[in-house]
Amino acid sequence: MDAEQLKKLLEQVKGGEIDVNEAVEKLRHLPYEELGFACIDHHRQLRRGFAETIFCPGKTTEQIVEIFARMAEKGDNILATRATEQVYEAVVKKIPNARYVKAAKAIVLEQKQLTQTKNAIPIVTAGTADLPVAAEAKVTCEIMGQRTELICDVGVAGLHRLLNHLPKLQNANVIIVVAGMEGALASVVGGLVSCPVIAVPTSVGYGASFEGLSALLTMLNSCAAGVTVVNIDNGFSAGLTATLINKKIEQRNG
Amino acid sequence: MDAEQLKKLLEQVKGGEIDVNEAVEKLRHLPYEELGFACIDHHRQLRRGFAETIFCPGKTTEQIVEIFARMAEKGDNILATRATEQVYEAVVKKIPNARYVKAAKAIVLEQKQLTQTKNAIPIVTAGTADLPVAAEAKVTCEIMGQRTELICDVGVAGLHRLLNHLPKLQNANVIIVVAGMEGALASVVGGLVSCPVIAVPTSVGYGASFEGLSALLTMLNSCAAGVTVVNIDNGFSAGLTATLINKKIEQRNG
Amino acid sequence: MDAEQLKKLLEQVKGGEIDVNEAVEKLRHLPYEELGFACIDHHRQLRRGFAETIFCPGKTTEQIVEIFARMAEKGDNILATRATEQVYEAVVKKIPNARYVKAAKAIVLEQKQLTQTKNAIPIVTAGTADLPVAAEAKVTCEIMGQRTELICDVGVAGLHRLLNHLPKLQNANVIIVVAGMEGALASVVGGLVSCPVIAVPTSVGYGASFEGLSALLTMLNSCAAGVTVVNIDNGFSAGLTATLINKKIEQRNG
Amino acid sequence: MDAEQLKKLLEQVKGGEIDVNEAVEKLRHLPYEELGFACIDHHRQLRRGFAETIFCPGKTTEQIVEIFARMAEKGDNILATRATEQVYEAVVKKIPNARYVKAAKAIVLEQKQLTQTKNAIPIVTAGTADLPVAAEAKVTCEIMGQRTELICDVGVAGLHRLLNHLPKLQNANVIIVVAGMEGALASVVGGLVSCPVIAVPTSVGYGASFEGLSALLTMLNSCAAGVTVVNIDNGFSAGLTATLINKKIEQRNG
Amino acid sequence: MDAEQLKKLLEQVKGGEIDVNEAVEKLRHLPYEELGFACIDHHRQLRRGFAETIFCPGKTTEQIVEIFARMAEKGDNILATRATEQVYEAVVKKIPNARYVKAAKAIVLEQKQLTQTKNAIPIVTAGTADLPVAAEAKVTCEIMGQRTELICDVGVAGLHRLLNHLPKLQNANVIIVVAGMEGALASVVGGLVSCPVIAVPTSVGYGASFEGLSALLTMLNSCAAGVTVVNIDNGFSAGLTATLINKKIEQRNG
Amino acid sequence: MDAEQLKKLLEQVKGGEIDVNEAVEKLRHLPYEELGFACIDHHRQLRRGFAETIFCPGKTTEQIVEIFARMAEKGDNILATRATEQVYEAVVKKIPNARYVKAAKAIVLEQKQLTQTKNAIPIVTAGTADLPVAAEAKVTCEIMGQRTELICDVGVAGLHRLLNHLPKLQNANVIIVVAGMEGALASVVGGLVSCPVIAVPTSVGYGASFEGLSALLTMLNSCAAGVTVVNIDNGFSAGLTATLINKKIEQRNG
Amino acid sequence: MDAEQLKKLLEQVKGGEIDVNEAVEKLRHLPYEELGFACIDHHRQLRRGFAETIFCPGKTTEQIVEIFARMAEKGDNILATRATEQVYEAVVKKIPNARYVKAAKAIVLEQKQLTQTKNAIPIVTAGTADLPVAAEAKVTCEIMGQRTELICDVGVAGLHRLLNHLPKLQNANVIIVVAGMEGALASVVGGLVSCPVIAVPTSVGYGASFEGLSALLTMLNSCAAGVTVVNIDNGFSAGLTATLINKKIEQRNG
Amino acid sequence: MDAEQLKKLLEQVKGGEIDVNEAVEKLRHLPYEELGFACIDHHRQLRRGFAETIFCPGKTTEQIVEIFARMAEKGDNILATRATEQVYEAVVKKIPNARYVKAAKAIVLEQKQLTQTKNAIPIVTAGTADLPVAAEAKVTCEIMGQRTELICDVGVAGLHRLLNHLPKLQNANVIIVVAGMEGALASVVGGLVSCPVIAVPTSVGYGASFEGLSALLTMLNSCAAGVTVVNIDNGFSAGLTATLINKKIEQRNG
């Protein structure tokens, strides 16, 4: 709750427009909705400018459908990540316009048309096996109005494949790099460009990748400054952060 | 090496302006300087727009002084991080304008005046013990022309201290959050603002902080999207990434 | 075995009321029951004031049914945690009053009516996916006579959802906080109240949550003193400890 | 900020007693004090009922002295933990009544006399080497008005030493157990009493204790419910939590 | 190959009884049998006095049956550990006397009668869920001629259950302690007896037992000397080592 | 791209044989093929002298078939590792000459006949359960023209089994050692021979092998110099590196 | 407290020889001595047959001297491990017969003459750097009356050095193996002998030995059964356990 | 001991040239020398073709000097690694020709002149701080007769610095890559060359490099096959393995 809102409320109190008890209630009831098992934070969309998002693991199908439906009533765009096909089938029965993006295991509902950004966000993967995570980043960017460009399978073992895409990378406002195994791609990209790089370690690899720990540490230790890191396999967080950066640059630029 | 440079070179070859052997040589000799024990990458400054930087640990005092001196000759601004006072004393003998920022253990040399950004980058710390890392972030931002605002000791155990600074945080283009122990501050800040948050875990804490591992994992697992993470105690990387973002927003905006 | 019991026994020996050999036997045979594969410690209930509890994983269905039945004969209340529906079905055939609490994967048998405490124990979760662990804490508290209040999905990414429940939290004798991912909720709650907070890390999260390790470390490193921690996903232990505290306060308060 | 305070403020606004802008300011300026490098949260003492405490590591001597002095001005009791003798010498020059508790590496200042609790909190250690951590717990309890009883060197390798103290343990409201190496003492104590046990793992031990990790995991996995855990070597947190519990029981009981 | 064998061979060479080339061959062909995928070391039984043993995981059913059959031809006793029922069914078709010990997931074939030891080896478990590992230790001891005594579910949370078995424990030559969760039982037993204790950590427990790591570290850090540790869940190794010790004591004693 | 190629291209530009724009394009388009989800690096085969290889995990069956087919068109030998039988069935429908090596879970396609090396590469395993990894190393060596010799189940618990194969080992150019559990075989072999040893840790073992971590650390810490290590279970990498070494020795020797 | 003692006490009570209150006191006061900071367990010597031992780290010099002196008064043999020379100098001032074993960092006091065992315990080290740990094992064995034989620097990289000592190893009742780095020596020895092997991992090694973790895991995963493991660098525990085993064998044998 | 040696010995026995007892003795006394605290394995030099080497940490200065002197008597070249200047000063007093290589912390004694290899081994470092480890690799190669070429500070953040050295790298028989932080250089080099790459992770880096763990995992997970890994900071092992490979190639080639 920011100062302006508080000021206005206090002035209404002062002017007798609203009662003290009522004001206390108002201050306590910012716009979110309690479902018993979940609090839908409708205010977050205003506060952060996101689509509503649902992280599915650990929730029952019934809970996901219920949350999805309540969000849908507000007319917002919705993104549900890590959703199985079974979950999608349950959702689509109630919300027929929901669409399943299989590569990303995501359900999307586009109710509001978004202006597309001018600059595409490059999403670069080291290998084909990193695609599901890249796809999650891509669908996240797109439901928030970002154009994206997928550059796939350009790992450091064949540098010329990457160098071929250099012009696109050097024009970007922000780049997402998705890599498992040793995760070295983030450092190499970081050394070639002048924009921030968001690195997503993936759990792809042989035994000593320890489910993504190897790539995670590699990226955290990147000698190419400008590289920041999100959680293992967390394409969503990378997509969202890239969106925040790209939007701010274009907004101010507009 | 980008396409334009290559094109130009090839055209000179075609036009007979330069010899083939000479061109091969040129392509091999991009602007860096070999000292035997170090390659100073003068090209990086062009490529990424940074000040020249030196990471001191593991280098001998003689090596640091030598690298610093060569960089200084080019007239650039220079930042040497993790420098002891002994190292500074050796540097300042050769480069009298070099300045020591004790709180950050950094040596800075400002030879070029930089236009200051309009927007300050807030650097927020959870506790007083996180100050050295925050100071490294601060000096990094400043040597690259960024204004900064240090908000200190506003950890989550006393939320009202943080909330008091909310307006400043909500106006920022990008925020740096520095926290040790449980590192929860990054998530809380991330939930309150709409700009990207760069989280720096510090090695401050009791035994099970495991030298910063605890704060690192907390930040990587932040449920507040928009939070990305750099290495433990790496104020430099946070400062540099924040600079990249802030600069891009102001540039385009200008 | 405490001093009073020993004294009484020794006096009986002295008075010749019981024989020396008999006394030795008595001292060896405190009230527990051997089933070959398990020792039911009927004495524990007296000693600690708990309902009888069975931790199901690693036991065969036959063993669980047998232990449950023996305990039931004593007329006590019984709680079996981490029980599958298959186990429940086997138990209920022999003990028809046993009830299955699906959300908590627990079997409960209420044979004795317990006086309800006046103060409810708040059980707060960061997200919907933390519900199963919270439900285990809840059923544990309730079978031991505690009233509880479930506050769900109030993670730190939307602080106002939590702040709305502040009055309830500030009136509690003890609070259970259940959180996965970065587990920051425990610190934030701990900073807002003056009673002890029992933190339960959950295994909910992306890769680098490492099955709950992230939340565990966060909570152990909490800068908000008064926060103590139990094992990952161990709702039972949190519930039991909260019960011990709440009971003691109300008892003495009588 | 709780509802009552807010209500009162709003009524003053309504009644015209205070101006709107002034009210906004008030709401922003809860009682803490900014020193630039630290925010002293004078409000915390009210909110949580603690003495003011300073965690020294990572702060410069100057910062500690400054914070200590500002806190002292308010007339509160103060506890500075992990303080070297050098720090103490600097503090005592400015605050002559400050006292150094060498065994605990703590500085204490008692300005207000506290009513002593009736029930002593037993602080039990497995070995002599666990004493410094136990001493930190002890000084923390005492500066907050708790009586304590130190039971030292009663590790599980000689059970009869522990059993001798059983009556004292069984009468306690809450017990602190401090143990390194395998940390088994917490489980054994937990199995013998009916009050909550706060377990403090210490970094005492041979190689595979991994600086306290072994004892930490042992305590988290305690099969004796009612045992909760704090950070490695964190006697302060154990002392504070025990205080919260003991105080609540006696308060209500009073 | 020991000195006596070598001497005899060399004397045969000297005496011309065997040819040099033949002798070289002999020296190379100590008694083992190559199956292509496995080398059956018939010599090991002589060397170490064990029954032949097969560790099943990672071997195909066909391989296990083949190895089992070859060993059986020599008339030895055989133990196959970690065998599924499917594997047993395939084995028993070829070797009808093979017996399946379900609790231990072991196949045993007793072809030679063994003299039973006088002293039983106590195998003590902390909980019922530790039984499968204890059963593996038991079947290992027994196929090697040891009497055993299973003492089950006597974990440290109810010490009197353990103390009741003290006389048996104090008469043993060697004791096996099997415990998961915090694994404290090994230390407590170790403190009460004067014989070596072989501790087996099990993977039983909640999240932060990390699949047995917790119990493993506890046991390695035991303050009760005389406790040595084997791998997590490795009942076989504990059984075999206990056998080696018990046999040596009785042999010499005989 | 090496200097010769660049020189030639530049001379063609100079001589006007090719246009500048065309040259830029050429430099950007080294021989690889984009499939959208994968970049097949046909150049790698030239550059490194390998067969084309596909790492199957994380790729869909459709992707694997498509990549396999494109590679097959070029007439090269192909190796697909970690392929299930289902994947093989899909591949063989389109490429009938593809063969499945079940023990290694590999698909191979031999389109070019390779000269066989003179020296066989010994592939030594500690146990039968290490065979699948050894088989992957074997198939990798063979598809690249190496002869191999599998020496199986010669772990350090029965040294004479290993010593019997000493002559073969001492004649090798390079040896692959595959071992799980404690992985000690690599050190023992390394101490007996004068050629490099490539050690492959496997995930075979009881609990504290931590999925191969134990064997990995053992091998990295080998006191027998000349031992280098690849990833856990990575028979492919060991096979390929051994091939590189053996080939170079024979080539120059030829 | 065993059954016989209890019986006798109870009979005294019955016969009126001692008073009930007195008996309760007796039961509580088993022979140990409280120093405030330490409980000297004089009973342990009877119970376990050890010399009195003091683990010095974490104790102040004053505490060590005090404990040593009290133990010395009883006339027992004493062993203080991990003692610095400074500590020794303080001890020897008060107990002039105390002797410092520098290689083991141990202080010993021999007041009672012990019968020497017939069989020596071999203590085998992989390298020279493992000597301090082996020396601790040696001094422990000797103060408890065991003869020992040190076999030094026979690591697996030069097997013939070890094989030369085979006869001594094959005649032993129990063997101690001390090894850092990859710790493979324990497995190799274990495979060659028929007695139990006590393995002591040491913290000797390069980076990825992780302070002994590598050797610890190797030894726990030993494929040579009969190998049990103690804590990293814990020569004391190995010496004591070997003593327990050797003594039992000789006792019964005597 | 290989078959030929054995054959010859046996024939001498047969021919009566040597006595049986004498032969047994011979077989037991392969050429090594016992110093009590160390076994100098003079045979290793024959067996593996190395210079004698001493790993100094954990050995006393006296022990190092003694071992060095004994080795020197045989006339071999000697390398002592991780030697402090103090150790060197003690050595040089006894062996005046010993030389200290400060950058590598190594002592070398060259008594035999070695033929230099034709091909130099490139030793590539990512940064200046990796130099000490590279220097250890260098001195190791050189004392074994290898020419080397140091290529310093060419980390992936400035790819053109590396690419400039491509011709040298592509002509090598084997390459050593030394890198800390994220260790990505090994993968990038591995992707550009057709010879084996030996990767040495270093402990250089910020907090989450965890003393070299990050670089170690990166290198183990390298997607560029042909990369094998040695222990953290183990320049010696890398140098020795590279020597083994280079020597074999040149030998056969000669």
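Per-chain residue numbering starts at 1, and chain names A, B, C, D, E, F, G and H are given in the order in which the chains are listed.
Going forward, a contact is a pair of C-beta atoms (placed from the backbone, for glycine too) under 8 Å apart; a residue touches a chain by one contact, two chains touch by 3 or more.
Please read all numbers here as calculations on a predicted model, not as lab measurements.
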Contact-pair overlap exceeding half with A-C, pair selected from F-H, G-H or C-D: G-H
Euclidean distance of C-alpha centroids - chain B vs chain C, Å: 49
Distance between the centres, which are taken as Cα means, of chain G and chain C, whole angstrom: 41
Distance from the mean Cα position of chain F to that of chain C, given in whole angstrom: 53
Touching two or more other chains - residue numbers and ranges from chain E: 3, 28, 127, 157-158, 192, 205-206, 208-209, 213, 216, 220-222, 225, 231-232
Chains touching one another, given as label pairs in label order: A-B, A-C, A-D, A-F, A-H, B-C, B-D, B-F, B-H, C-D, C-E, C-G, D-E, D-G, E-F, E-G, E-H, F-G, F-H, G-H
For the chain A and chain F complex, residues of the former touching the latter: 127-132, 152-154, 157-158, 160-161, 163-164, 180, 204-209
For the chain C and chain E complex, residues of the former touching the latter: 1, 28-30, 32, 36-39, 41, 43-44, 55, 57-59, 63, 67, 201, 203, 211-213, 216, 231-234
Chain A residues touching chain D - in the complex, by the definition given at the top: 3, 6-7, 10-11, 13-14, 16, 20-21, 23-24, 27-28
Residue ranges of chain E in contact with chain G within the complex: 2-3, 47-50, 53, 166-167, 170, 173, 192-196, 198, 216, 220-222, 225-232, 236-237, 240-241, 244-245, 248-250, 252-253
For the chain G and chain F complex, residues of the former touching the latter: 126-127, 155-159, 181-184, 187-188, 190-192, 205-206, 208-210, 213-215, 217-225
